[in-house]
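Handing you this structure, nothing more for now.
A, B, C, D and E are the chain letters, set down in written order, and residue numbers restart from 1 in every chain.
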């Protein structure tokens, strides 16, 4: 299998902006990445850096005040591609749920309050004609069980408001997995889950991946989870992918100052544990980005950083960074290669 | 659920009683009395004759007594006799029930169907030309009085085109269902017209409200096409106002299609009630009020039950 | 072949929908006549009364009795012979207060009804009443042999009326409530078997619907309004018109001190441009009246025609001291008419009275409300109508002082002794020429005194499909009461 | 706060149908209000020699059966109709929203009490109530407004209640309560804004039905009285078959004006609703 | 990592054998089934303490929070604040109570009114308690935003225009606005990245330091709980499994369930991936039909016959370390 056919999703120069009363907000700025068959790409980054907007852009589900440009090629079958950005609405709709599906970040409001859990899952199956009504209902029960919901027969007949936050999130997961998509976009799927269930879900996704070669975009803040599941990691900041690489590269040889700060902030319990964040905060800007978005919080920032947007540059095979000064700032000890 | 139903029924009885008392009092406060209505303004009844009538109709008794004796009749399953010709009120109402039911159900059914449908179309084409065209049509239909639409429909469909009979319930001598439906078509259509407009507006507004909810986004993410999103997710969430409007209009129409019944000579309850008012036929007025009140209370109860069926978050208490 | 004549007999002011007791009816005689008979009937021009079930009648010299000879060989629909007992029974019912018949007043002078023989009935009278033959045109004769078992009270609202047995040209066949009555030809009808087999009376609540049904050929006959005529009744419809014999007038509460002065009443009439209203609102289909009577033979040459004269009207008001009588308060003009035509008329009257400084506020109410208000005397002015023919005696209860409320329907509380005397004289006079003189004088008095302000008598219309021949219809107050020979009606 | 209002106004201004609606409504109201001054003809002056004239130089909209100038009359009639339409539906809206909100929000016995009252009002045969009220009150525009308002609130009440029944279960309502929000605040700030869509529709529909109802009332002695007219009463003239067919200038302008004002009210409502809805579909 | 609460601090909030259940949907012919969401849970919370609540999804954590917020009434037992039952707070007392206990809801999206701008939502607490002038309120709001790391530009946006983490911070800011005495944080930092999370946690801890803020911290992030909380309450199917101090938890806890939880916690090291075998086996029993005896017995690696049959007797309230397990009962730490 050539490398080309292994790429399920190829995103090039994706850009999404919103028209707001205050001006245009560029939420995602010219990002490019790929997802290969059976691979999990974790996207991490500052809250509000554009992770969810990226996923919505790929799903074509943005509010009407959004403008998306760029290319996102999805392989729907070997050698067969569809564009997720520029395709017609009907074509996109046929892909949604089947070829590409998404787990939403907000499980409370994302479920229809008037339909039972089972119906909502089964619908995802029947709508693509994958199975009949009855089979779909059975599949729904099976999925509920898979995502670790006890007594699925009873839960299936319940309504979203009767479930706990974690259960709702698992129902969302079940919906997304229902059709065994080629590409799964999981937007913080485990935030409301306790660790045992979370592990179970991660396990489930991994097994599905092995069985079907599903590609996964996994958005999370939990670096522990990233370490558990990701093959590769993209670090976003202020609408840009500032660094991307294999999970080992990111964890063991982070290059971008933001990545390093992020990793340092992971809570590590110990007798005198201290939580350290990155000082400062993301500035909100309207219009084009003309400087490194991290510059105002970066201890290494130079005037160049304030004047020019850094380009994506390779650090090592599969490892890229967007920083003007990465060569000088990376501590020697962590090295370049791993 | 059962306890709710029982409670509700228990509350409905005093409500019904209150309605009857108020209507009885209002009716007697209204100007004109049955004996005056008995003859036209130019015809002559002597004093003595009027006394006889008054006594016979019980009009010489004090008001509370009359109400009590009416209630006693009701308790015995009767609704008294009409002043006009002594026919039993219950029988008259029963006779009108079928035509009224037919007209209401057909008119409302058709109206609900088309109203919701146009509402869906309109919401789907929000602020594009089909929406605007349908909105204008809806307001024309809402602003057109029933008598006008009725007469125009008669001119066009009965006189010019000859498709439908100009009115009546059946052709003399032919009481078959087909004949009844043939006669029903036009009044039902006219009746539904306004209703289409009303429902269309509520449906459209409700849909626009729900279309921006997150779960609609989820539905789209599942790969549902816009129609499916509209029908399966947005629409059920707008059902509550729609059911409310249908329920309220149902109650209003059972006795309120007077204009249409008049124009199309449709022997419905509305016309009977108008007859009752014109002749100050108290037993008839009270009888119809009673029947309508029971129906309306029932329908309102039903809508409340349907609410809780539609939306699991609503609990009946 | 089966010929069916369908009519809307109960549409318009001449109908009486779904009221089947002819003794309590005040309209609808045009249809009762199809299965019942009366003793006497007018000709279609309302000039002469001739016998229907009666062959002849006569007053005794002293005017204390009235003898009716009945037609021989008449049979009820069930085959039983029609006799004097039926007449006695029917008239007895009318006089029974339990029946609440509106004709009771017309037979107030009848003290005894006697069956002289099978074919002769004698009414014994307290006073001579020359209008008896007219009164009898209203009275449908009922079968004694079927009804004597009922008391009057039972009979008033009996179900028998919905399966009646009469002597008329058609027999009752079927009544479908709220929809229609179907009659079948009576082969034994004394004037001969009708040419149409079935006669259906369909109910319409709305006269426009009936007009459309007529134009569409669904029915063969209906009453039509002036508006429907103007609209063009339809190319297959033959329109008939004639005087309604209903006088529209402005009634003034004669007890109201403001209207005591005859000059006030005259001023009001001078202010009304009746010619313009007749010409433009009625489109010429009405005749202005100057007294309470409308039949030409009762109208003398010398009546004042009260042509529009505003200055005179103002002057008269001035003379009468109107501004002192009424301090600019608006007068309420009460009416039970609710049709557009009447609204236009009232609006015009309002403007016309306004021109002489009399402010009028119209108030539209329904008939029972009108009755209650007027009976209680809580009114100042009404716009109303009164059937004033064919016999002038029908106006007596409306204008004679002895009928003032609460006893009767002299609702304007007219109290003019001269008028009372003339009504009494007319009642007692059998000689036609002399009787005409009496009523001419009555007309003159009402023209001068204006107990009512007479306005006009408007036309009424009927229409029938052109495939009907020998059809006779003429407008009349309350309908019917004339010889329309339905047995001769034919359908092509 | 004012920035929110400004934002809404921005959004509203971009809603073209709403702006058109505002314009049409403004023009019609202005024409009606100033009709006496704009059209020199007296709307109530009859001219029996010029009845039923077709629109022409002298009478732009023709004349009616008594020769009244229909242009002046139609716009004079609009004054009554607009007044009755706007005020009575406002009254109904206030009552309906108030009671519906209370019932839906508090539930329990309050709900039961209010809703049974609604049942009662829905059940009263309007004719009887109107006849009695008309007899007791007597004529007058303000009474007409009150009567129509008092009879047309139950549907609004039920609609508002039904909506609030679901809204009160929302978590943000609970959240506001934990912040210490009282009932009034929760109702006004969190519950009622969600009934906006229903209220907007009810307003524009109620506006039309109030105008039509007013015409029906003049028969009972309420409503507009001769010689004045209202749009509803002018349309009722079309009951005359000949007027309906041959003299459309008598009733059609009023009909068109009713539809136009109702549409413009509706479009204004649409614009309002959208500008208040942060997630409106299109900008 | 900060001052350990002294033994004589005031007991602020107390759950005393609190139980609550939800009625399921009944139909015409079937009576409602009840879900026992919280079952006889007791604990005491001292002034300035941080109590962590952990437990499996659906174990009743949010329900406990709602109980403390008076959004639900306990079916049995009593919740006391400053020694007085919550139900007895009325009128002005209630208003003070509302001010003193604040909550961050689990789903920030649902707890923000979509029709209000962020500014309107943030103004609410000030408006409701009539605090400060409009300008002062604005200043305070700006300060709060800074504290939680949001730019002022979010003020004019609506909730749907913010990212999940931004909304969560708005909700935190709103809860802190009234300077509460008790803060209940239901998964309050779950949607935040590590850096912002650290910022917020540090903020909360400094508030505790400076103002004696008492915190109930509901979370799935066990390392975080370990760092932040003085004591940890472990729930399973609505029942208390263990209540232990940080020190006791640090060593993995005494209850088999606690230990299982700790074992499943992911570590931020790609070379140490969890294996299936390490996970807690079996599935969670349905709360609609909880198991007999000790509710954890169906999944407990140590389960014995007694666990299936006999419920564990509740430990004494005064115990510093409570373990509800047949095996550890009596030898509490």
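Points to keep in mind about this one:
What we mean here is this: a contact is a pair of C-beta atoms (placed from the backbone, for glycine too) under 8 Å apart; a residue touches a chain by one contact, two chains touch by 3 or more.
By chain, with names taken from UniProt: A = ABC transporter ATP-binding protein; B, D = Peptide ABC transporter permease; E = Glutathione import ATP-binding protein GsiA.
Just so you know, these numbers come straight off a predicted model, no measurement behind them.
Listed by label, the chains touching subunit B and subunit C alike are D. Hopping across touching chains, the smallest step count from subunit A to subunit C is 2.
Chains that count as touching both subunit B and subunit E, per the definition above, are A, D. Ranking every chain by how far its Cα centroid lies from the centroid of subunit A, the top place goes to C. By C-beta pair count, the most extensively touching chains are A-E. Centres computed as Cα averages put subunit D at a distance of 51 Å from subunit E. The distance from the centre of subunit C to the centre of subunit D, with each centre set as the mean of the Cα atoms, comes to 45 Å.
Centre-to-centre separation between subunit B and subunit D, using Cα means, comes to 22 Å.
Taking each chain's centre as the mean of its C-alpha atoms, subunit C lies 90 Å from subunit E. Among all residues of subunit C, those that touch two or more other chains are 208, 365, 369.
Annotation for subunit E: residues touching 2 or more other chains are 25, 107, 109-110, 156, 160.
Shown for subunit B are the residues in touch with two or more other chains, namely 31, 151, 155, 214, 311-313. Of all residues in subunit D, those touching subunit B in their complex are 17, 107-108, 111-112, 115-116, 118-120, 122-129, 131-132, 135-136, 154-155, 158-159, 162-163, 165-166, 169, 197-198, 200-201, 204-205, 208-209, 212, 215, 235-236, 238-239, 241, 244-245, 255, 258-259, 262-263, 266, 273, 277, 279-282. Listed in rising order, the residues of subunit A touching subunit E in the complex are 18, 20-22, 44-53, 63, 105-109, 145, 148, 150-151, 154-155, 158-159, 162-167, 170, 188, 191-200, 202-203, 221-228, 230, 247-248, 251, 261-263, 265-269, 272-278, 281-284. Listed in rising order, the residues of subunit A touching subunit D in the complex are 19, 21, 63-65, 108, 113, 161. On the subunit D side of its complex with subunit A, the touching residues are 7, 10, 166, 169, 171, 279, 281-283. Within the complex, the subunit E residues that touch subunit D are 69-71, 95, 98-99, 101-103, 105, 107, 110-117, 119-120, 124-125, 128-129, 156, 158-160, 171, 174, 178.
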